[in-house]
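The data blocks that follow each hold one structure.
Here chain A shows up in two complexes: once beside chain B, once beside chain C.
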Partner chain A sequence: MKLSRRTRETLQGYAFVAPAIATTMIFLGIASVAVLFMSFSRVNMVQGTYEWIGLNNYRVGFTDSLLHRAIRNTLVFSAVVVPVQTFLSLVVAAVLNSNIKFKKAFRAIIFLPTLTSSAALTMIFMFMFSMRGPVNSMLISMGLLAASDPINFLRSSDWSMRVIMIMNIWSTIPFYMTLYLASLQELPNSMYEAASIDGASEVKKFFYITIPYLRPITTFVVLTGIIGTMQMFDQAFIFSGGDGGPASSTMTIALLIYRYAFGPGSAMGYASMIAICLMVIILTLAFIVNRINKEERVY
Partner chain B sequence: MKKKVIFLTFLLAAMAFALIACNNDNEETAATNAESSDRVLSLGIWAGNEAEWASIERVRQDFEAQTGITIEWRLYNDLNTQIMADLAAGTAPDAFYIDSGLAEQFVYMGVLAPLDPATFDTAAFYQNVLDTFTFNGVVYAIPKDQSSLARYVNTELLNAVGFELSDIPDDLESYLEFLPRLQSALDDHFGAGEVFAASGMYEPARALHLLNRNVNPVNPDGSSNMAHPDVVRHAEFIHTLFATGAMRTPQMMGSGWNGEAFGTGRAVIMEEGNWVYNFLRTEFPSISFEIIPMPTYMGQRSSMIFTVGWGINVDSPNQDLATAWIQYKTGVEGMYNWCVAAGPLPTRPDVAAAMAANLSAGLNVHIAQIPYATPWVLGRFQSFINDSYMNYMSAAIVGEMSIANAMENIDAQANLQINIAR
Partner chain C sequence: MVGKKFNFWRIFVYLIMIIFAFATLYPFLWMISASFMPLREIVSGGMRLIAPDMSFDSYRHIFTVTQFPRWFVNSFVVASIGTLCNIFLNTMAGYALSRLEFKGRQQIYYAFLALIMIPGQVLLVPNFMLLNALGMIDSFSALIVPVMVNISYIFLMRQFFINFPSECEEAAYIDGLGRLSCFFRICMPLARTAIATQAIFVFMSFWNEFIRPMLYLRTMSMYTLPLGLQTFQSRDEGQMWNQIMAAATITIVPIIIIYLIFNKYFLIGIRMDGDK
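This part shows the complex of A and B:
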């Protein structure tokens, strides 16, 4: 049989991507279908029992106040962290791109948090924000707090999620900053020179040249930021010791999935339902972000 | 083009060969295992600290020498989670550790083989400890060892502010008057916020023996009963102890855990398990402390015990080997050698009696409390109830919500999850 050159090349192409496709299908494709199937079932992994219960998991989800709380916590977390980390990493990148002294040293230092494991960072932050940790000591020495009355950052429902937000912002900025910085170095200097000749201030240059030039990067940063924050698990888990407390203030969607999936009884199906909901939420948000970005391009 | 085709064919052949080779490998291993399976016993444990590891290795060597059975350790970092995955995958070891809090769940899942009382000499064990692993009259695991809570008192700090060991009340009710008095003496002597009268913990694992006084915080069907008026009353009492400001959690004192808070001299009294004894001796050899029994509450003595048992995988083909191991390990000789070297308390009164002469007076205080102590179990859905409790009680202890409100929330959240998982 004589194949045309084109067909042969196509077949060859498929042969080369086959291993990747096979791996993806096994570990993502089949797994995703299984999760979708399980979300309509009552599953006990150990006993190996599957029982089709239709939409029952979803129906129960509507009345699960803890799930609602987890969704709210995660959305608030995302809504605070994503804009702040995006804006700050842009500012830091712009500063490091200017002609300040020791900028290479700064770059290296600022990048350190990204190299540290998130679990280790969480432990460090828990120490910093502990009752006798550096943050409380600083606030006391500045006279903002009485020495006998430090703030219990780790076990206060007002504070614990905020501390996790600060930690998350601080630890993700360097990575996004690097992306911005790489793009900024491509930005032709002539645009700034032209703006200077027209008498634009540094602030105006930042808002009218730097930000618009970096829009594609911003889209990427916002999207990965949303995905990352919506799936936040490890920090909340370590911070709360796994219970999502105090008073459910650090309960995130991913933490709740873990608790149901690996807790006692047969809630793997219910956990799968929450995973599907999380996927829908992330897809919706990603779609909206993409939409907004496209609209802006029209102008 | 031809070259490419040849290359591709070669590549595919290589891949196929590799796959077949892998497959053969597996078959060979499986065959070796099958041949010698009557002599190899796999045991799922956690390694523990150095002393524990050295001790269990010694018990293994003794056992292997006596029986000719070879033991293969399956070490788990997080046994409670990982064993579930292994059970689901059908790759669980022949016998493994079972935490008291997971026993009922395991029995319900049908993964544990029922154990014959005569074979394992169950009459020789502390009844309340054995009951932790007994369901509908059937024993499913044999307790390997245990720990109990007792009070540790830093006598140096106590004497420094003019108090004696005998001044410490024997009943928890008197703490309400005593702790603030001790605290103000400590504040005068060391300055405010430096040393606290008592390091306390309100979590169920530490407070269940108070919460369950004349009431069960867990319903027979496993659901949470924390909003029961009696449980609420006990929890409110615990809250008043914390509200004095003289009792703090280790975290409130800026320490990681009780042992550290006590060892660094930040707390005068703490309630802690016997595992802290060796820790204090090695890490803080300079502090002087005494061990006294837990205080009474409502006129009754109580404490908590934490126990782990040996259970046999119901699907194991080596149940006879596992039986021989558990018989040896929880028998007089095996338990004695293990407990003496590793540090936990025995689960048999005869072993406790044999050890008593070699133990310090303090560790004998721990042993003496075992018969009336409450085992740490919160029913089949322990983790749901425990996590819900920690979630809301931590807010209530710092005054963000009332205890009654917290307890209602605990029931609502735990029972919602229990209904989903049931």
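This part shows the complex of A and C:
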């Protein structure tokens, strides 16, 4: 039997996307329905039972101070890291967009943190900031610290999160800067020349030409920044050995999901409730960023 | 006047460039330096990157005493198989969504658009339970199967085929080539730039992945590098920093080699990111 060309193409089409549909349906589609369902349930992993408890998990969440701490930590982390990394990568890209030598070599070298796994980066930073590590030695030799009194960056509830912030900013700038630089290279030089003829300074050109031109990239950088920082897990996990310490100072939302779901007690339902909250927070922030960007585009 | 200002600006630019490059490289220089030093030299609090008694001892230790070589092979196997699956499945799906006419194509595209919005960490718990129910925990398939397709790269391939003229394929059809052989022998080779770009980024994300191996693997001999790296860490102050840094150095080297060879595709990939 000979199939018509149309039927054949339909069958071929489905055959070609079938593996992609199957995989995404199971591990994204079914998984999302499951996480929503579990957030309303009490899950018993040992007996494999699910008990519908309505909004109970959410109600408990309102009084869970550890959850509030995790949300606050994550929001503060995001609020510090995203603006700083966006601004610094924009400035460095703008500066480097001038006609200079070694630009290619420079771009290749600073790409290193982007290639490195978060596990390796975290280990390097833990070494740098350890009691007898290079950072303490530097502060001591500069006379900012007494030799007998180095800062315990890794075990101090004041410093742990700050070190993770520094690491995150440091490791993401090269990627975003390369992104900005790629876009800047397509900006017609005539715009800068026209501005120069009108007597604009370098600083003015930066604010009135460069920044508006890069607005779409900035939206992308801020969005990926928010999505990434709000889900921060690896660094906090490795830094604290998995417990979000010292004194819950490095507890993030993602780490707390892990702790509740896979720690003692194994509260999968409750962890799912937190996961749903995380998704709502991320989508809300993304929506706001998109909205601001659209409004400013009007004029 | 103009010349003077120009010079000042240039010096400023080079200065920023040097400071920035130094700040970026400094931790890596320390990593390499510490990996060759004896532990007592590291914890003595010196600031020198080069010590007289440097040696390969830490490397010798991690390669002979620990399961590090095994983890290296594991990482390589998982990343290679995962990347191959992604290349074929993403390209096939992207091809079908752009070149083939069939009912429901648009709906599938919208479904993918919706699914791509879900943040990864949200699905950790249900995915663990799914893999547990499928009996895949503590196997490499748990690391590969859930991420053997990637919607972002399906869209990348779809975009590629939309922008690419279809004359070549049509000529192949007239010559009597079927859909499958046409796809594998004509379309895939034509799309090699886009495929190389996705291959590099997919390989890198498999190689660097931490959370999923940590959740899904139980047996130490099954570990991948990022997970193995973490076992070197002890909670007290007696860290063997020289061995940890040697292990970190070795995990980074393969990616740097890939980067040096395929530099061009990294830049293409970054540009595509910005266009989203």
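Following the convention adopted for this analysis, the second predicted complex is superposed on the first by the 276 of 299 C-alpha atoms of A that agree within 3 Å, B and C clash if a C-alpha of one lies under 4 Å from a C-alpha of the other, contacts with A are read in each partner's own complex, and residues count from 1 in each chain.
The working rule: a residue touches a chain if its C-beta (ideal position, glycine included) is under 8 Å from a C-beta of that chain, and two chains touch if they have at least 3 such contacts.
For clarity, every value in this text was computed on a predicted model and none was experimentally measured.
Judged by the touch definition given at the top, the superposed model places A:Ile292 against neither chain B nor chain C. Of the two partner chains placed around the shared chain by superposition, chain B and chain C are both touched by A:Gln12. When the shared chain is aligned, chain B and chain C each come close enough to touch A:Met131. Looking at the shared chain after the overlay, A:Phe262 reaches both chain B and chain C.
By the document's definition of touching, of the two partners only chain C reaches A:Met38; chain B does not.
Looking at the shared chain after the overlay, A:Val76 reaches neither chain B nor chain C.
By the touch criterion stated above, A:Ala247 is placed in contact with chain B alone, chain C being left untouched. A count of residues in chain A touched by chain B and by chain C gives the higher number to C. In the superposition on chain A, contact of A:Leu55 is made with neither chain B nor chain C. Overlap of the chain B and chain C interfaces on chain A comprises residues 12, 45, 130-133, 147, 241, 262. The residues of chain B lying in touch with chain A in their complex are 1, 4, 8, 81, 84, 87-88, 102, 105, 109-111, 192-193, 251-254, 380-384, 386-388, 390-392, 394-395, 398, 400-401, 409, 412-413, 416-418, 420-422. The touching residues of chain A, counted against chain C in their complex, run 6, 9-10, 12-14, 16-17, 19-21, 23-24, 26-32, 34-35, 38, 45, 92, 95-96, 98, 100, 102, 106, 108-113, 115-120, 123-128, 130-134, 136-138, 140-141, 147, 170, 174-175, 178-179, 182-183, 202, 216-217, 220, 227, 230-231, 233-234, 237-238, 241, 253-254, 257-258, 261-262, 268, 271-272, 275-276, 278-279, 282-283. Chain C contributes residues 9-10, 12-14, 16-17, 20-21, 23-25, 27-28, 30-31, 34, 42-47, 89-90, 92-93, 95-97, 100-103, 105, 108, 111-112, 115, 117-130, 145-149, 151, 154, 179, 183, 204, 207-211, 214-215, 225-227, 229-230, 232-233, 235, 237, 239, 241, 244-245, 248, 251-252, 255-256, 259, 263, 266-267, 270-271, 273-274, 276 to its touches with chain A in the complex. Those residues of chain A that touch chain B in the complex are listed here as 8, 12, 15, 44-48, 60, 64-66, 130-133, 147-148, 152, 154-157, 240-248, 251, 259-260, 262-267, 270.
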